[in-house]
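After this come two complexes, each holding chain A, first together with chain B and then together with chain C.
Moving on to the complex of A and B:
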């Protein structure tokens, strides 16, 4: 187990049994699409996969306006308008795919959702490997209703998880086979995902 | 059941029935290309271990779209993921035996009466499984070859084999002769039976030829000098081939009976009336009927045949036929020592006899001589066996008669008349059985075919021949595909009385110095063991 403190990704601002939304402390400091994140304490640790991210105004009525007409670069816009860092916010949503109660990892929904204002951390490679020992979580993603295409999310998630493995190829073959079984009656979807995860 | 399986796992059972066989879905790691029909597999059921034969291999897909728009096969990742999952192989297995668990622990392998449960794992059969079913090489069991793709020795219980008539079939050039030669050696060594071989092509006595390399291979007499006698019909030819023969067979005219002529009806192109005439003449003229008939001049006909109601054309037809026979060089007006007496005296002493036909490969000579000699032997064995039964003494040594081109003797038209038909049907009781060798089994009478105990067949590709060989066998449809896929050489399928289940096998090597040594060593060690035991007492 890694002894390093887990990297904090954000704080939960909306939550439900199936997913939660967290706000990042710094603008644009979003975890990548498909990356596994966790929330909770030793008693109940909830695992989720980042499925969406947005950056918008903190007030719904105030829309950002174009400011860079006289600027030479994008960076200069932020430099000239330091208030932007405070007026905009980055948020990400994550789909709950399992939890850990005690020492045991379960690939089904936790008994209760995450709390508002609780922290969301990125999972360490070891945690990712432990969680992906079994691939039951793929089921949850396949059967969920999401604003983004599921194929994209599955592929992104598997790409992220495979980085935690030294032999990413073998992992992807294994996971591909599992997907083939899950999507046995839908070859076009399977093939779309495989195209997106091959190295 | 919980047995260690050293062999790789092939897959799991997904469907099936006892009658139609079991379907196995191959694991992703096993390739359809690594398995072949005819191989044995072991199925680890919950309570029993089953042994079956792989009889078909097929490919399947979970989604029909896959066949319509195939994936990019150049991509190793996609290919690896899809093989065994979306695109998979299935095996069709015919279960034959239960070899572990239940009654089989005490009583040995039992025929299957049920199928293994769903998802039972399937493995390639191990050497132990085969040994458990077919036994080890011992004083009764003779090593005939190896099951396809296996190292195990496939052994055949020869005393059990020779209790029934047996058949060796296969297209010309598939290795029937080599197989027969090897089996004869086995019978000679281990079955306590004596062989009489009607050797049409001079292959079994002294030496034979290997078809491919045209090299000479040793035959029975060279390997087992003291146990084999070579009789010949053609002394000159035998001398020419430098074969030391033990006896030259000559047949006297007076040894030929009307029954012999009747069997040759088709070969001699005789009419039914001409055959009938032969019977009438035999009745009227006695033992020397053949000679007298040949000597009949046109004038005599009226006197001698008065009251016999034989039409002149029938007589002419008969005479033409008899002339063909009398012209055969081994035919003589009179013979002092009938060959049959000499033959019987050898057989009585337990010496195997190979009768070479030399140049007389004409089917007339073969049928005539084989039939004639066998009928006398049949009479003698019947008398001896009945006597032994009545007086409760030792019955005669079991005799195995080997005939080639068996369909000429056993076709439906004459099977009821020839002595071979009778032997195939009932002579088992009198300790005489047949080893029939044929390339057209469909030509053999179905009644005779059904009485053949163990059948060994090399490749056959004619539909009727295959049907005829497999008639009445459990899992016929499946065995058919195994049989049709045998290699053209050195592969055979054995099934029937002497084996617990059908096996496709590769016959033991024959022809190298080492192979001869292994054959004669078997005999030597058995004899030595017998001697040792004798000395011990």
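Moving on to the complex of A and C:
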């Protein structure tokens, strides 16, 4: 298995206005938590942030069982049971945080959701920089209901975005100021996030 | 109406008492059978001749060697591939005016060793053309055979073998391989006298046996063994061979000598009720296979010619499985060893049952939900085309229950 994530991250298998779930083509080839991903075409490109990932059996009734008792390594389990790669699947869910219609980037929800079976790609550094020129998308994350703590997602997302900048520190300082304004009434959340984005 | 368990409970108690009473007798019979198969004086050639002379009312396995031998598996090759298929079908709905059936074949190719890989697929196919729905005598006239019920089950088994031959053709050259089928290589359903000869010709001779031959020919490019796997077999062919061995008559003939004796009073009833699996559980150590035996059913003798079916038993943990192989595998020591070692390896990887077969089954199986969805799709599509789908009143009354 290659460690380098492919440009195409997966294919959408569940979708709604606010988020979508995509299946990876290769087991465990998941984009990191907080990664900016995109979907759609030139007419409407949807931007989203990966907020959750799972790996489970393809069939709900078939649960994985322990197989490694007599194996020397975890890798050996997959080596001895080549069918596993076909019977398990990795999926990730992404929160829709904006879209691009034509040339214009909007930091609010798109007019329609992504399509089932459409592809999800990782955003390029240039796309990430363009999208994060404004930090309006943070509002959407702060106000969303998610299965993981929002502080964790915001911090992971900002760490991922900062990698697209040569001067990641300056970006994070800018972001810190914006967060301070957004979370002025919630100091504990603010400090939890700032703690998590320290380089 | 749910089953009234209170009414069954008393009957179950009766069954338990009956079963308990039989345990001691079966244990004694098993001991007898174990003693007979291990008699040092057993002369394979003499027994073989006696089997050939016998006219029995039960199926007797022919022997190739002393029947109590047991063999350790050879080490499996470093790189090898297992292919397997299994099938499931949706039968013709006799309560519906439109006739069609569906066969779903699951196929699996698992490669082990330096380049592990898996290919797992299902191939559903709908049959609705007239030639799919009936088998007709080639010269015309005569009785047509509708393909449904038992005959559809036979056709499905033949399709499983056909797919196995197809994927065997995709195997990489050089690397050793095993092709596995679930169940028996003997198409027992066709041994019934109910089917005219053209059905046997079409399904067995031009179908199943041709596919076995195709697989055999692929041995040109690599060692490729073929076997079928029967879990928890109920067969008694080998125990019946012991019946012949202990028959006091030189030329055993059940109808001639023993037809007037009540059940349990014949000499050979000393091993009655013992199954081959009980016998071999006492003979084989974990991982070992038994001696080879030859199936002597009339269908094999009449039609299989050089694809004649041999079999052996194998012990995997606490389970005895029956493995059937065609003659060309049985007579080739390398292929026989390959079948033995790779089946055992598959069972060890699959917690007692071959992984490839269980994955092929998972691909093929059609759940109640699948069947309902398929039925709804059929009705929807036919309705869109304004094709009337009339159902019988009986089927309607089962689907809409009322008081």
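As a convention for this text, the second predicted complex is superposed on the first by the 193 of 199 C-alpha atoms of A that agree within 3 Å, B and C clash if a C-alpha of one lies under 4 Å from a C-alpha of the other, contacts with A are read in each partner's own complex, and residues count from 1 in each chain.
Throughout what follows, a contact is a pair of C-beta atoms (placed from the backbone, for glycine too) under 8 Å apart; a residue touches a chain by one contact, two chains touch by 3 or more.
Since the model is a prediction, treat every value here as computed from it, not as a measurement.
**Q** On chain A, do chain B and chain C fit together or clash when superposed?
**A** fit
**Q** A:154 in the overlay: touching chain B, chain C, both, or neither? Say first, second, both or neither.
**A** neither
**Q** Check the residue A:177 against both partner chains and state whether it touches chain B (first), chain C (second), both, or neither.
**A** first
**Q** Taking C-alpha centres, what angle do chain B and chain C open up at chain A, rounded to the nearest 10 degrees?
**A** Between the chain B and chain C centres, as viewed from chain A, the angle is 170 degrees.
**Q** Thinking of the overlay built on chain A, is A:9 touched by chain B (first), by chain C (second), by both, or by neither?
**A** Neither partner.
**Q** Please work out whether A:96 is in contact with chain B alone, chain C alone, both, or neither, and reply first, second, both or neither.
**A** neither
**Q** So, does A:186 touch the first partner chain B, the second partner chain C, both, or neither?
**A** Once the two structures are laid over each other on A, A:186 reaches chain B alone.
**Q** Determine, under the contact definition given at the top, whether A:46 touches first (chain B), second (chain C), both, or neither.
**A** neither
**Q** Once the two complexes are aligned on chain A, which partner has more residues of chain A within touching range, chain B or chain C?
**A** So, of the two partners, B touches more residues of chain A.
**Q** When the two structures are overlaid on chain A, which partner does A:198 contact: first (chain B), second (chain C), both, or neither?
**A** First partner only, chain B.
**Q** Check the superposed model and tell me the shortest C-alpha distance between chain B and chain C, rounded to whole Å.
**A** 50
**Q** In the superposed arrangement, what residues of chain A touch both chain B and chain C?
**A** Touching chain B in the first complex and chain C in the second, no residue of chain A appears in both lists.
**Q** State the interface residues of chain A toward chain B in the complex, per the touch definition above.
**A** Per the stated touch rule, the residues are 169, 172-173, 176-177, 179-181, 184-188, 190-191, 194-195, 198-199.
**Q** What does chain C use to touch chain A in their complex?
**A** 108, 110-112, 116-120, 349, 351, 355, 359, 362
**Q** Spell out the residues on chain B that touch chain A in their complex, using ranges where they run on.
**A** It comes out as residues 28, 62-63, 65-66, 69, 71, 75, 77-78, 80-82, 84-86.
**Q** Taking the touch rule as given, give the residues of chain A at its contact with chain C in the complex, in rising order.
**A** Residues 59, 62, 65, 78-87 of chain A touch chain C in their complex.
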